[in-house]
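In what follows, a structure is listed as structure tokens, so that the remarks can point back to it.
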Amino acid sequence: MSASEEQNSPEAEAPDEEEMDVETSEPIEPLKPEEGKNGAGATIFLFFILGFAASLIVGWVVFPKLLYSKKIQPINFNHALHVAEAAEGCESCHYFREDGSFSGVPTISHCIECHENVNGEDPEEKKFVREYVEAGKEVPWLIYAKQPASVFFSHAAHVITAKMECVACHGPIGESTETRIYEENRLTGYSRDIWGKNISGIKQHSWERMKMDDCADCHMQKATSEKESGVQQSLTRQLREMVSVAFPNVMEVKKGSSVQTEKDACFVCHK
Amino acid sequence: MKIDRRSFLSFIVGGAAGTALTPLPWKITDDLSIWSQNWPWTPVPPNGEVTFVNSVCRLCPGGCGITVRKVDARAVKIEGMDGYPVNDGGICPLGLSGLQLLYGPTRIPYPMKRKGNRGDGKWEKISWEKAVSEVVTKLGEIRKNNRPHGLACISESDRGTVAGLMARFMSAFGSQNFIRQPSMEDSYELALYLMHGIRAEAGFDIENAAFVLSFGSGVIEGWGSPVRMFRANSKLIKTGGKVVQIEARLSKSAAKSDKWIPINPGTETALALAMAHVIIKEGLYNKDFIENHAFGFEDWTDGQGNKQQGFKSLVTATYAPENVAEATGVEKAVIVSLARHFARASKPLAICGRGQGRTSSAIGEFLAVQALNALVGNINQEGGFHAISDNDYIDWPEIETDQIASNGLQNGRLDEAGSENYASVRYLPHRFFENIIAETGYPIQVLFAAGANPLYSLPDTKAVKAALDKVPFIVSFSSFMDETAQYSDIILPDHTYLERYEDVPTPIGLQKPIIGLTRPVVSPQLDTKHLGDVILGIAKGLGGSMAQAFPWKSYEACLEKTLGRKLDTLLDKGYWSPAVFSVPEWIKAFETASGKFEFVVSDQDGNGDRKTKPIADWYTGVESQGDPVTYPLLLIPYDSMRLVNGFVGDPPFVIKTVEDTVLKGKDVFIEINPKTAKQLGLSEGKYARLTTPKGNAKVRVHLFEGIKEGIIALPRGLGHTAYDSYIADKGVNYNELIGAVYDPVSGLDAAWGIRAKLGKA
Amino acid sequence: MKQTQGNNGNKKFGMVINLDLCTGCGSCMVACMAENNVPFKEDETDKLDSITWMRVYKLKNGKSWPNADICYLPRPCMHCGGHGDHGHSPCVSVCPAVATDYSMATGIVSQIYTRCFGCRYCMAACPYHVRYFNWWDPVWPEGMERFLNPDVSVRMRGVVEKCSFCFHRYQLAMNKAFLEGRRVLEEDEYQSACTQACPAGAITFGDLNNPEHAVHQLVQPDPKHAGRPRNPKAFRLLERLETNPKVYYVSSRKWVRQSGDNYLKKEKQKI
Amino acid sequence: MDSALIPQGVNRCPLWKFALGIAIVGAVLMWGVYAMMLVWIKGLNQTNMNDAYGFALWIWADLSVIALGGGAFFTGFLRYVIGINDLKNIINYAVIIGFICYSSAQLILGLDVGQPLRGWFIFWHANVHSMLTEVAFCLTAYFGVLCVEYVPLLLENRQLDRVPFFHNLSHNLHEIMAVFAATGAFLSFFHQGSLGGVSGVLFARPFGFREGVFVWPWTFFLYTWSAAACGPCFTILITKITEKVTKKKLVKDNVIQILAKIAGWMLATYMVAKIIDTIYWATVTAPSKGFDLMTFYSNNPLYGIWILILELVVCGIVPAAILITPKWRGNPRGLTLAMILAVIGVCLNRWVMILQVLAIPVLPFENWALYMPSWQEIATTILPVCYGIILIMISYRYLPVFPQEKELNPIAG
Amino acid sequence: MLPFSFEWVWDMGHLLFHGGLWFALNVIGIGVTYCVVKAVYDTMKGNSTNHH
């Protein structure tokens, strides 16, 4: 008897139906004990291992390859060469505007100061001058460190107020002689540099990942030693915080400005 | 080894277990959430260098200074310019929305020529050369036929260099038919001409007044230069100045005023005269001014030796408060007390011009209100009324008209302004269109629409349309696809104000002259052309005396030449004002025949002879159109800062601020007193059929205690049929429901409302 | 939260709106929309799904003609401090995912759009209806997206948004201050878009904790009662709920002041 | 194949009839699935919710379904922790109903959020102060418990039971079921309470707000209490309906009577607490915020004072009285009436505590916000009902849900 | 949710809330694991237990 049928027509109780339309179960036949044993069990286990191994390969090797597309910069740029020429280091091209905002990647108008004409022999420079300077077109650089539109980051707070070096976050990019391959996450559209070079999430340098937790690593580290690596930092941080709860008098952890997280208020970085 | 169902299942289970130990599921989960935070169809505004450009807003006659924030080449926000004399940092909703017009879908992207029938909305893209040459050919033809007066132009404004060039073009061409959109300026200019004897603009020193008596002026609803009025109003409140609002409906201005005096609409003239009655009777008037600087207060004898009634005997004989109490709906005691407060205030100022002042009114009302200002002697005084002679910075060489043009100019204006009947009036747009329909005078063969949208904003839009149907060639210079542009034959789109240079003369109502400068904030976004350059181009195309009348290479050259050294100040500071500005003393202020302020009103001919109608004829209002039996209700319009009522409609941001008791879906609400609604069997939100002698519309009912029984009110600024889907087909255009009512003495349209009936729909 | 951070050096940004001056023109609404990339639809007359961070209400005194009176009341987010001003505003503590947060440093309630997953609990919690849900994908007519402000991220469908007191302006002003070697802002360096635009000068914005700021002087907040105004003409909306809003209103009309809160019949007679 | 799956010694309707029933309910279910896809693809604009009504039909359905699913935890608690052995004859069904209710709740929650892809933020970025976080955590965890409780029943299917591993697993789970039941009761206590807290903590919504006990508002305890009272009523009601539909007696009266009696006393004590709460709220809490009781119930077309009377008297005191009076409880009609009223009562309570809270204007110059659900909302709310019917049909057909069925319905011949 | 996340705070709220949660999850997890492991063991041993 189906539940719904009856609910739909509760009055339609035909007594004869009930008597005849009945299915009874077949008599039970117990399972043969051999089937559950030995040979079959081994096969089953083998397949388990096979599935297990295959998925590990897919997850750790194939998946990262599929996830990221590789893109080449429009112009192969030599940072080292430019830094050597530039009078004020990074800031010659990556400078602060008068309103305190950070200029980021220079525009063509800035490049033109030196590259109005082809200066050297480098074919990349020729390409640059011909395709962009002469055409008055901006170079569509792929920016490794580009954060999502919802992120606010104050270079001024870090570089001017906290007197941090560019290298601290961006690494020794100034020493590079050619541009790296730009890896773009096919789902999110963001650079792999932001969301993690290493698929397991482990990083060795601060510039290998720039997610929220990575900001936190540095911002929380004030109390800990400067030299520890990321994992150690966060471990030490947790320990210290735990201790501070247990023995509030012994250790004081500086509280942030947010009520919910006691860290800094969320919108300091999220816009 | 047997691969069966169970082995397969085992494989799957193993795979699942293994997958859980890889980054795959976790990374995908994370990345999907990041994808959801970063949907490709949600735009990401590019970052860049922030710069600011100062300019002047041209979206209404208010002339506010604006500062536009740019990010690289994009304009991202319009803000009020700090320190600008008109608005000092403040800005209105429309001004803030300018970028929606600049970048919006209502723009006309390139010159277009009509395909199919007029109003079908089918257009053909043409080049600028072709567009200009089409117009030149058309104009050449009518000149060849010796009918240059068959060209007419309707314009938003008649001041500044662009309107000046257009007016000059008309004169050089041989037509007097340059017409300005109607506004309270028409009435104020005429009143000033009649009483002060000068062609000047009305200025109000509201900021410094102590008592502002407003006859229905929407002080905080867009009257005059809106932001400046807001600031002035705030200053009044802070300094303890009083505002009394005389108005039929509890408008925002009425609600914000210190006292709201509900009045029966159309009886403002009588009330003003009754106040004058009290002031004169009680001897509260400024004796120095009246005795030494005014004429026609007492009875007098004209040139022919006829006894003429003076102002004093007019009001004492006819306008005792008790006589007007019933008609106006204002009690005698209230009138008396109001008159006393007004006359005794240190700096009283009476103003008029209903709502935003976007219509002309009966001249009698303006005369009566100005008579109040004269009685208290607050003319050209601090906190009083000022007559501002327009900036005379435009000083172009005389036009040397050719024979054709001279002949054409002999034909006079089609609207009869300046003719014997309407001697001192400058523009009568409604009469212009009526004469076209009636085929009175001569036919108009080409019509220019420059910044004006008569098909929407003139009363009786059906009649305007009928008139346009009789004009064979309509040229629109609009930047936006407005109703008139949609109904034209060829469009030569102007830059928007954010893409061009233009001088901005003293904003309406300001008490001292300034010049502002509109300048390009962004490069032209579309294939448009500056109206000034287009005029120059057409003139050049016509050649001969036309080309000679325009000796400038380009509009910019013309502007540079016209402004001279002022331009440097303008570019530097954003505005120019005279280093020293002093208002003329009473002894020098009036250029009437008597050299005094004149209560008696007389048109003067060239010899200074007065042609006088009896004073009682001047100081009257007009009745509303319609028969009170068929139409038991009175329909009046109301204005709102949230409903734009000029040559553009509400941009999306502004229409978003409109309350849901004004517009809901596509339906407009009519305001009605709950008692009246009850009598009609209508309740809140119900649909109703609104009928006037001019038309009918489906509306919804909004009960409002701030409106008198028997009166209903409809907002202006809705019911557009053009522009984009954010504004088109929403609500009802008030102008479709009314017609012009002639002021018999001035010829101006004096309609303030119309009789109506409301039935269930 | 037991620990209170008091206002030692903390700012408490707030707003005073003079209802005598407010003309109900709607500039604040539009200025806010233009500044904060608020989307719009073809039909915005259903005010229950129309996003206006700043909304101007029309109050009526309930009397009949000719004694009727109206008053306009602009309503941004109140940035409630909650009971005792500890930062537990009605909305903050209910958000399950810390997508909205109370900043002790500024007193501003933030909304993190990319964290919000659209449960709308905060909307249920807020009695002022300052929170708006993106029922629709935001769509700009072609070309109009050019005026979007890069300082504020565009919200996607399915999240809640609200007034932020233009916090991004604070961030940008701080950037400039950092560049100039300062860490403190002048009063006029940080003003919300509505304050700046108001043509009647009805809105005042500043630090309620700073006795030199105009907002403080206008309302004279009482620190003993979580900032209740001591100016008798000033009031806050729904004062009795102890939400402790940071938006104050000033009106010389008694009926307007009474419209700001709920009163029992017998109380109303007494007032 | 079909008959091989049917438990031994019981009668079931023919396969075609069963299939037809599934098809009919399935068709309605597909309508719901269509609406669900619309909502997921096009977004929440498919609903009639708005900025004033952020919580509406779905949240009500969620809260109701969880309250009604409370029979599972409470019966489990009584059976395994308190040790009322007779209840083993209804516990299976209570678990299935609970499982349906909780899985439905999860589905509706997945629909109701604006950004389902980020739904996991509630776990990953949990805000421990939010009642909703507590709800999400406990609900999910308790759903896990329900799965653990449902699995052994599944494994008792005739064919599955033949596999030794499954047989053993089922046995082992049964062995330590008390542990799971206790954990479930613990989790349930908190999430039922947290649901009450959802509106109870809204201190700026005077209609919903209740003064706190420790960190929890009153409603925290009232909800747990009412779920414990009305959940079993729903279990009994569904059992009765199943008996009606199958035209068989499936559970002995004494079992039903024990459960009904306990539910009755729970309901009676709940009503005492609820009435005290209502009086305190109406005379102290609300007036302190400036609200007369009647302002909550007037000037709108839907929420009159009748709703309070209906909830407290008709659907509260009346069923409680029936259930605690042995004579009335023993009367089958009285019992059914009490079950129906109690179920309506708890649903009505959830409706009022969610929707009326939002409908009442708090700002004096705002109006009542009323809303009508869209068809998409209705379809997606009916969806879990269909899913529940189907799951019950399948479970009943193929699993030994009712231990007493064989005894009560011996197969003739 | 995990103490390693940036947002984690060592305070009473987090300790009680997450403590309770993790406790419950662990009871469920360990219980299920125990049953599964024991079932595998029982099956390997071949002793089929009888219900109830």
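As written, the chain order gives the labels A, B, C, D and E, with residue 1 at the start of each chain.
We take it that a contact is a pair of C-beta atoms (placed from the backbone, for glycine too) under 8 Å apart; a residue touches a chain by one contact, two chains touch by 3 or more.
This structure is a prediction, so every number in the text was calculated from the model and none was measured.
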(request) Find me the chain with the mean Cα position closest to the mean of all the protein Cα atoms on display. (result) C
(message) Measuring between Cα centroids, which chain is at the maximum distance from chain E?
(response) B
(message) Quick check: how many Å separate the C-alpha centres of chain B and chain C?
(response) 34
(message) Rounded to a whole Å, what is the gap between the Cα centroids of chain D and chain E?
(response) 26
(request) Between chain B and chain D, tell me the centre distance in angstrom, where each centre is the average of that chain's C-alpha atoms. (result) 64
(request) Specify, in ascending order, the residues of chain C that touch 2 or more different other chains. (result) 46, 58, 60, 88, 93, 95, 98-99, 113-115, 137, 150, 153-154, 156-158
(request) Specify, in ascending order, the residues of chain B that touch 2 or more different other chains. (result) 32, 35-37, 44-45, 47
(request) Could you check chain E for residues that touch two or more other chains and list them? (result) 5, 7, 43, 46
(message) Quick check on the complex: what are the chain E residues that touch chain A?
(response) 3-11, 15, 43, 46
(request) Spell out the residues on chain C that touch chain D in their complex, using ranges where they run on. (result) 46, 48-49, 57-60, 73, 80, 83, 88, 90, 93-99, 115-121, 123-129, 131-137, 156-160, 237-238, 240-243, 259-265, 267
(message) Under the stated contact criterion, what part of chain B meets chain C in this complex?
(response) 36-37, 39, 41-48, 71, 74-80, 87, 89-93, 96-97, 99-100, 102-105, 220-221, 226-227, 230-231, 233-234, 237, 250, 252, 255-256, 260, 262, 525, 641-642, 652-661, 663-665, 673-674, 704-709, 724-726
(request) Would you pull the chain B residues touching chain D in the complex into a rising list? (result) 29, 32-33, 35-37
(message) List the residues on chain A that touch chain E in their complex, please.
(response) 33, 36-37, 212-213, 216, 220, 234, 238, 241-242, 244-245, 261-263
